[in-house]
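Every chain is named by a letter (A, B, C and D) in the order it is written, and numbering of its residues begins at 1.
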Amino acid sequence: MTNAVTLDRAQQIVTAGRKEAEKIGVPMNIAVVDAGNNLAAFIRMDGAWLGSIEIAQNKAFTSRAFDMATKHLAPLAEPGQPLFGIESTNDGKVIIFGGGIPLKNGEHVVRAIGVSGGKPDQDHEVAKAAAAAF
Amino acid sequence: MTNAVTLDRAQQIVTAGRKEAEKIGVPMNIAVVDAGNNLAAFIRMDGAWLGSIEIAQNKAFTSRAFDMATKHLAPLAEPGQPLFGIESTNDGKVIIFGGGIPLKNGEHVVRAIGVSGGKPDQDHEVAKAAAAAF
Amino acid sequence: MTNAVTLDRAQQIVTAGRKEAEKIGVPMNIAVVDAGNNLAAFIRMDGAWLGSIEIAQNKAFTSRAFDMATKHLAPLAEPGQPLFGIESTNDGKVIIFGGGIPLKNGEHVVRAIGVSGGKPDQDHEVAKAAAAAF
Amino acid sequence: MTNAVTLDRAQQIVTAGRKEAEKIGVPMNIAVVDAGNNLAAFIRMDGAWLGSIEIAQNKAFTSRAFDMATKHLAPLAEPGQPLFGIESTNDGKVIIFGGGIPLKNGEHVVRAIGVSGGKPDQDHEVAKAAAAAF
């Protein structure tokens, strides 16, 4: 119980995300999953979209599920593209717009962050700022 | 038990929506959710589409989930647009065509209305008329 | 559009239920389904259990699904009894405790009411009072 | 964006719960929902059961859904008791063992906490300690 590296890191990350979201003035939902793709920490800022509670978590899930930022999935998921239809896999938890980022330790993805509440570009920026705390 | 502001307001809203729907001659399903996105009141007008019972409720849900009219979501959800795929989030309850409107008290969304039974434009008009009762 | 017998009746029923619930001082969720077992009207009284929004609707559904009061299902659903396991049928919408009542016109069930928010006995009483308005 | 009362309170609560869990030496998942029964904050302590991520959230959900501690639901949900079968309502999110507590401000439930990771008695104790921070 003395060793709480994963949770402490996860909380540093959501706190850093919150600061960035406050700076740009958009309330966000912010989630962090661990290497096993299980939720480690989550916050909803006051006034953040209720519909984004799930989306933030699913962006984190998606980033770890495919080890890439969610914003890279949208073009791949269009008709005629290699991952057409991927958003309906994994019980519908795959999000294909920006706001999810995997975090690496060397070669390995060790956690992922998902942010939702603004425009996908804003979500991605907040996720990047949160990732920088890691 | 003497204080029933939320329900009384919700019923005024559905009643106003019903009047507008009668005026344009299209039977509608009309739902109101509260600030916490929980159903407060619902009516189905005689002859209204059965398949719209759920859609009306989900339009109300969506309007509160993202604090915007549902008709603004469709263009954002197309391939290449920022929210491509959003309709498969939140257990498929996100509706991206017209008929849902959030209702604000100052800055805050305090309830939302969802209407379904006609063309999305008609649904939106009925929702607007209902909102005017608020 | 001038003929709104079903909705008007449904609203009379929920209003009568509301009055009874106010009399006993327990806020309730009250739902009415029509003969086709589709939702016709719903209200949540201020302060009523959020978890009962669905239960009230499902009690109405169950009463019409099996044309009997929901309180008669519990003993039938116990281990060793004829309907053991019935609560997991119909997508889990079958409620086996009191609060749902079918409404007959002669031989035929023409609608059903579901009430949830208090003890099942209270729910059943409110449903009965609501049914009396029919 | 300057007003973050809900999130700040939710984080105080999960932090207080974490301290109690560390004291008894059992890693826990801890969730807080707001008055509308939407997730406000969540933490998973290192080593906490992965299967309890959802249970902690569902305990918080259940406590707000029925405005009571989840440990009071088990005896009511047994065969022959008033709420037999309630655990299959609300999409299976109703948890009927200890670890969920509603938090009141005067008469009104304004949030709820759910804890999962130990024995239900331990979960309840941690939830109580967390509630004391409120």
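In this text, a contact is a pair of C-beta atoms (placed from the backbone, for glycine too) under 8 Å apart; a residue touches a chain by one contact, two chains touch by 3 or more.
Note that the coordinates shown come from a computational prediction; the quantities given were computed from them, not determined experimentally.
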Task = Could you tell me which chains make contact with chain C and chain D both?
result = B
Ask   = Roughly how far is chain A from chain B, going centre to centre by Cα mean, in whole Å?
value = 29
Task = Would you mind pulling out the distance in Å between where the CA atoms of chain A average out and where those of chain C do?
result = 42
Inquiry  = With centres defined as the mean C-alpha position, give me the chain A-chain D separation in Å.
reply    = 24
Message = I'd like to verify one number: the distance from the centre of chain B to the centre of chain D, where each centre is the average of its C-alpha atoms, in whole angstrom.
response = 31
Note = Two or more other chains are touched by the chain B residues 36-38
Query = Which of line, ring, star, complete and other names the graph you get from chains that touch?
reply = other
Task = Could you pull out which chain D residues touch chain A in their complex?
result = 1, 3-7, 10-11, 18, 21-22, 25, 27, 36, 38-47, 50, 53
Remark   = chain B partner, complex, touching residues on chain A are 47, 49-52, 54-55, 58, 74-75, 77-79, 87-88, 92, 95-98, 119-121
Task = Quick one: which bits of chain B touch chain D in the complex? Just the residue numbers, please.
result = 34-38
Message = Touching residues of chain B toward chain A in the complex: what are they?
response = 37, 62, 64-67, 79-80, 82-86, 88-92, 94, 108
